[in-house]
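Structure below; questions to follow.
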Amino acid sequence: MPPAHPFDDDKLKEECGIFGVIGTQDAANFVALGLHALQHRGQEAGGIVSHDAELGFQSARRFGYVRDNFTSQKVMETLPGPLAIGHVRYSTSGNKGQTAIRDVQPFFGEFAMGGAAIAHNGNITNANALRRELIERGSIFQSSSDSECIIHLMARSLQRNIPERMEDALRRVEGAFSIVAMTRTKLIGVRDPLGVRPLVLGRVGEGWALSSETCALDIIGAEFVREIEPGEMVVITDKGVESHFPFRRVAPRFCIFEHVYFSRPDSILGGRSVYETRENIGRELAKESPVEADLVCPVPDSGTPAAIGFSLQSGIPYAMGIIRNQYMGRTFIEPTEQIRNMGVRLKLNVNRALIKGKRVILVDDSVVRGTTSRKIKEMILDAGAAEVHFRIASPPTAWPCFYGVDTPQREKLLAATMSEDEMREHLGVDSLKFISLDGLYRAVGEAEGRNKSCPQYCDACFSGEYPVKPSDMLEKGFEMKAAE
Amino acid sequence: MPPAHPFDDDKLKEECGIFGVIGTQDAANFVALGLHALQHRGQEAGGIVSHDAELGFQSARRFGYVRDNFTSQKVMETLPGPLAIGHVRYSTSGNKGQTAIRDVQPFFGEFAMGGAAIAHNGNITNANALRRELIERGSIFQSSSDSECIIHLMARSLQRNIPERMEDALRRVEGAFSIVAMTRTKLIGVRDPLGVRPLVLGRVGEGWALSSETCALDIIGAEFVREIEPGEMVVITDKGVESHFPFRRVAPRFCIFEHVYFSRPDSILGGRSVYETRENIGRELAKESPVEADLVCPVPDSGTPAAIGFSLQSGIPYAMGIIRNQYMGRTFIEPTEQIRNMGVRLKLNVNRALIKGKRVILVDDSVVRGTTSRKIKEMILDAGAAEVHFRIASPPTAWPCFYGVDTPQREKLLAATMSEDEMREHLGVDSLKFISLDGLYRAVGEAEGRNKSCPQYCDACFSGEYPVKPSDMLEKGFEMKAAE
Amino acid sequence: MPPAHPFDDDKLKEECGIFGVIGTQDAANFVALGLHALQHRGQEAGGIVSHDAELGFQSARRFGYVRDNFTSQKVMETLPGPLAIGHVRYSTSGNKGQTAIRDVQPFFGEFAMGGAAIAHNGNITNANALRRELIERGSIFQSSSDSECIIHLMARSLQRNIPERMEDALRRVEGAFSIVAMTRTKLIGVRDPLGVRPLVLGRVGEGWALSSETCALDIIGAEFVREIEPGEMVVITDKGVESHFPFRRVAPRFCIFEHVYFSRPDSILGGRSVYETRENIGRELAKESPVEADLVCPVPDSGTPAAIGFSLQSGIPYAMGIIRNQYMGRTFIEPTEQIRNMGVRLKLNVNRALIKGKRVILVDDSVVRGTTSRKIKEMILDAGAAEVHFRIASPPTAWPCFYGVDTPQREKLLAATMSEDEMREHLGVDSLKFISLDGLYRAVGEAEGRNKSCPQYCDACFSGEYPVKPSDMLEKGFEMKAAE
Amino acid sequence: MPPAHPFDDDKLKEECGIFGVIGTQDAANFVALGLHALQHRGQEAGGIVSHDAELGFQSARRFGYVRDNFTSQKVMETLPGPLAIGHVRYSTSGNKGQTAIRDVQPFFGEFAMGGAAIAHNGNITNANALRRELIERGSIFQSSSDSECIIHLMARSLQRNIPERMEDALRRVEGAFSIVAMTRTKLIGVRDPLGVRPLVLGRVGEGWALSSETCALDIIGAEFVREIEPGEMVVITDKGVESHFPFRRVAPRFCIFEHVYFSRPDSILGGRSVYETRENIGRELAKESPVEADLVCPVPDSGTPAAIGFSLQSGIPYAMGIIRNQYMGRTFIEPTEQIRNMGVRLKLNVNRALIKGKRVILVDDSVVRGTTSRKIKEMILDAGAAEVHFRIASPPTAWPCFYGVDTPQREKLLAATMSEDEMREHLGVDSLKFISLDGLYRAVGEAEGRNKSCPQYCDACFSGEYPVKPSDMLEKGFEMKAAE
């Protein structure tokens, strides 16, 4: 799970979580709870739109956590009705210097046949070209978000109803998208043909819910029904769930990093508990890269399940050698110089008495810039560890993601510029091992490993093989991996 | 570590953390960091007083977290100087309905020979009588806190310097107190003769720090020197540390619950890592009350080390069957009915896919009212567990604490009205076992267990044997355990 | 000047003030000052857009007073550059229940040839039809404001530059509009062909300013150059002021109520001080409706100049019989029942010792619902006045305004349902006299009075003769005065 | 009335207003309204204490205006009960750099026989000596306010009830004081023997009110009963009003500046409307210092009544040549450089069209530093006035006040260093005339003028004759006027 604080620029960050409910009283309350459970997918801001027969569409969009913005009686009373959708976001693919409340989703458009709101998880890779074209033709954009293109394309569609307008719009769009949308009477869910981002369907009482992850169904007491399929559009009304497949079918490529890090360990992906998958990764890692040591310690909290798996496989005792300060938050406004320099020590402390003199295996989910890994290594050595061995629950992250994840530029990725051995030296640890790409595929259930000619997942961040051409980025000068 | 949210009324809560620094630039910055590391000892409010040669004493007192109040450049610039103390508090022994900023410590008094500020962790058990006497004689109280008596007693002392006035005052005081205080040039630390609450001394560069726990020394990079001894007063100036023993010596009675729950797992108490002590408790528990099962799961986060110990001792695999939502906070202002009813589900979710069909041992640190334990049991059964066995890392909590801990009234404590068997039935679990009092003493290093004629710790919350007479409470009608 | 507080629903309220500056350093600072001087034209919210060569367009939009939002260093630093426009507004012609920050002007649009921002004072009387048409064609509206139509019409224009697109757009628009707009390099001002709302040009150093009123030129030390003419568009760049007349010319109809009440007494309208015009109105009133009395008292503050004129003409001494509480504001959030019931007494107090036993002439600017007049009469009688005579500095307000003024529905206007005599009885005063329509025209300088066949001013609120057909209102069922 | 904004450092400022109510439902609501009406006596902060039989004493103290802090249902619900007192303050005689909420009155003390709260208008001239003595004896001060001495003196009194303790305390106190205090069952009012500051008694329904001025009785619909006499203490319970005279009687010396400026024009002082007194001052001024001119203009708002009087006496027409921006407030937080330099122009604008070419008499209430007068003169000349004549409704302010008024240090007072003629030259006006001291006494009703051997008023700010020795100030080096 992505940590919440501003000093941690050393993780990839999921950019969005989406949730929608139809057919219950005060649907927005459920949406607030669902978004709270999805907060790990986006902490910067959140928004909810609801519809009530009498009052029409209502919306609230705020910076900050769901729990601080969408739990009070006062706010929730402004969002009545049996139909609501919501969105949490980490940051926008737009201009980050100018992040404004107008960039916070759901986006809303009033069309001739009535209003619609949409919440988007993913990233449109041809947004720049679409935006230029739409402005030429007289559309006025309110945000710097790529997602706003969808609503303008819908506004200009000649179709007579909103789901068809959405199909029209999405056929123009390239990239990754899982979408939850609503009209006055319909809740709509869509996944792009590759199914890069997750989207699941749940049953809540007499109503229905759509969610990025199953953990958000649990919090509202909804039953998990099934995943929305890649390329599927579901239109839910009081008559039930209709399913469409408006796009040309292709082989799916679900994001493998959802298994490694983005999704919550209590969510179910592809029929498997994310926690168990991560424990499996730890076991695979212990098989691939064993080492003699006294303790297996997770880098909390995201390294925990893999560390448990590593311990179970290797028989080396599991211990909490690093303790997280649970009162760490993100609200450091204009911090003092001293605070700014504290970095990871504000969040983590080494369990000195435990570590002293021990050979320690540290299990982390990934290495991005490597800055945090270095600091943790220093803390562990300061505390008197005899040896430090890093085991990483993902392959080297060498390529940026353009499908809805906030990644540093390629040159900032440690693995883009160094071999595993150089990284080990750079981090100054006794050993450093990443799980292999095949090992990771095995851990997620592909017994034969990765199918090279037609990979079962999107693993572009590891392999550099992008299943959708990143047009906007190519335009800006990004260079893709040379064909082999 | 005590969780931070308002729905968790099912834990005992430490009421205070204290920290002080002398002899460094911008001492208040270090105090802020130290208090951040002690936030688990008190989340309601915090305060810092600093002294600067030119500007004199400055103070800031705020409701809310340290990280939100005492990290900005703007606030910290108002607290200059090489000497500062601070306090975080959970709640006051005063009137809880009227909690006001004036109840937030440190308290400050201007005496004829200059000002002094004090921060108090503990509780004065004869505060009511002292307050009545002081008011009769013309003192005006500003707060409803028991701790304010100390500063008024100091104001009326006839001694010519502040440390001696403090000795005078503390000799009138009964109860538990660890105190950090400051004058214009001195940092003062005191522990009551029994040493109920912790206080440690650290070296930070050329200066010194006093702290409730060692974890707060770590965050500022201070070296842990030693614990302040029960009944000791240290007076620290630029000449070094002077030690006094102003009270009659008695056998110490450190709070055993600090080992069980209050202190952070990365702190060192009595020369041992708290984490290891808790792991030991888990091992003892596995020895005392074994059971056949598939998984050992902690109730996060406070049950984690004991669960690891239980797993290591029993060989039953450790797993995270319950996942904590890390974005849970305490800021639910006027929440909706629905939110209020969510209770523990806002904070915890069961890892359904993992738990299904399994026999699960749940390890928790303590059972207070039992309300949370019931809800967790229900969640686990809903998720399809085959059996649920509770193992508790402390003996039954049957008596309130009057020494600086927020405990429910005796009749609200589950163990005050039920036998272990009745509790098992009440909670509806397959088995329920608490560690024995002797087992707990063994886990904290007393190989022979508890010395009944002269217990090595204060364990009043388990045994009902109060080492200091709770005078104020007796006045209010509290009935002590009949002598056997 | 319109009072600022929420209990005063008994005045007509100007809906907007606009201001723009080009060719000075930190133009936004001047705009903030100008808007502060125009605050009487709109107190609910304000916005400023600036343009800087490096940073592009920047904007800030806030609820509340200019002095509270746009005077701090911190905010103004975000609005750099030599070109800026701003807007204050009272309320929108849109949905009042849903007033949102997105309804706060200036509105901004990014066109293919660059961005433009516009600020509008007035009201578009065919906005509903325009909006329907634009939505049909795929435009997405972000606000409920009629003014947003202009920017969408501009986005769809086929002209190659922004001033021409604005001409295109405004030719589609009916109603009253004074507009200040900006591109990256141009400041643009426009008045509708009738010139209903004011707009003036000023010279500030080497730069230029456009303003609703001259009082806002004074505050920035700008020299008043001239009024923008009805139907004129000025385009100001660093090369100077270009003037266009893009509309068909018609006889102008400036709003006569600007003279009576809306404009500040220190502004100059049509070459005359508003203060002197109002003093003239008082003189005319004294001539038309003399009465024997001891004191002439204004209803503060808007009745003051007319009361002075009445006193000078009649020779009856002028006195402040009613005192205004200058600390009255508008920020009563969820006031207590008692506060709510106070009404006008929170704002005004009678000078009891002065009034007692006197025959008092009260001069007010207008009677709208009559609720305030009744309360003032009661206060005066309570204080022991012997007689109370009302003299009103405008004719009976019997018709709503649809050109940018917030008027109650017709049936709420006292003069719409009662004769002058019935009103006198309703208010319970010894006499009540309004100035005649001809008297008012004489006071504003039309020696011959009103030209019935072609009135020199828009006086629809008195006469029911609307110079522009209120299409949207007719659609909603408003009934115009039958032709005589 | 004192203006409210931070650029106006050119007025003397009353430091406090006090108000109390007993015997009505929700007394605090009345107190809030009363304080709102007294806001001109103190704008920095306000506080209210109430007492309810069940909940005991409750208090709320806030920075800012009464209307912003004490009108919401939410706040007022926390202040229940039939007995309440309140205080507004401009600033403290304490340390201005450290103004803190703890300096905001009413002050509260818990005594052996119950609690009491007091609100003080005035200044204790021997506070430093009292404070030193009290600290020596063990009292702990919480504020930097001189008024806190009273509550500590009361705490140490040996009397058995609170009114007697207050008498004890006040006999130790030197200086000026009007006090409103409360116990659980009593409302108490006191004026010092000279009666420097005002205090009046009112009847509100079955209850009673005490107020600094009668205008605050008007707002709550209370009937003005009488002034509290100099040296009188009234103790009001449900049995009625008891009167005591606990001090040695001396000839009264009411503050004459209350007539000139501090009190609201609609208040009654000494049986006369303040407005009429000020009009009289204008008439006296016109008699003493006539001049040929075209217009008499007030410097708004405080010069208005004297200007009207001057006009009535001289026959020169009264006109509003300077217009005040009614949206001027005090909330300029970290204003831009440009805003800071605007000064008086943010607040006042000249009615240019009116002033041009005219000989103008400007009537102001006083000249303190002269900075504002200079700026106004410049604005008037810029607008093209032919001549500018200043007429001042008070004698030259040459001495600081030590009795509860915020005055600049003596050397900052223009009249302390210049003769009338030098001031005229300094201000650069055609003539400058102050009313004579005898003229002022005549205007307040002393037909014979000032009694030099035993002045009827405190006029120390004009005469340098201090009726109470300013001990604290003498200690700090202040030099009194040499005896003649």
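Every chain is named by a letter (A, B, C and D) in the order it is written, and numbering of its residues begins at 1.
Methods note: a residue touches a chain if its C-beta (ideal position, glycine included) is under 8 Å from a C-beta of that chain, and two chains touch if they have at least 3 such contacts.
A quick note: this is a predicted structure, and the numbers were derived from the prediction, not measured.
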- Query: Which chain lies the greatest distance away from subunit D when centres are computed from Cα atoms alone?
  - Reply: A
- Item | Approximate Å spacing (C-alpha centroids) for the pair subunit A, subunit C | 51
- Note on the structure: Distance between the CA centroids of subunit C and subunit D (whole Å) is 37
- Query: For subunit A, which residues are shared contacts with two or more other chains?
  - Reply: none
- Item | All pairs of touching chains, each written as two labels joined by a dash | A-B, A-C, B-D, C-D
- State the interface residues of subunit B toward subunit D in the complex, per the touch definition above. 101-102, 109-112, 132, 135-136, 138-142, 151-152, 155-156
- Residue ranges of subunit B in contact with subunit A within the complex: 1, 3-4, 26, 29, 32-33, 36-37, 39-40, 43, 65-68, 71-74, 76, 215, 218-219, 264-266, 268, 272-273, 275-276, 279, 301, 304-305, 308, 311-312, 317-320, 323, 325-329, 331-339, 342, 345-346, 349-354
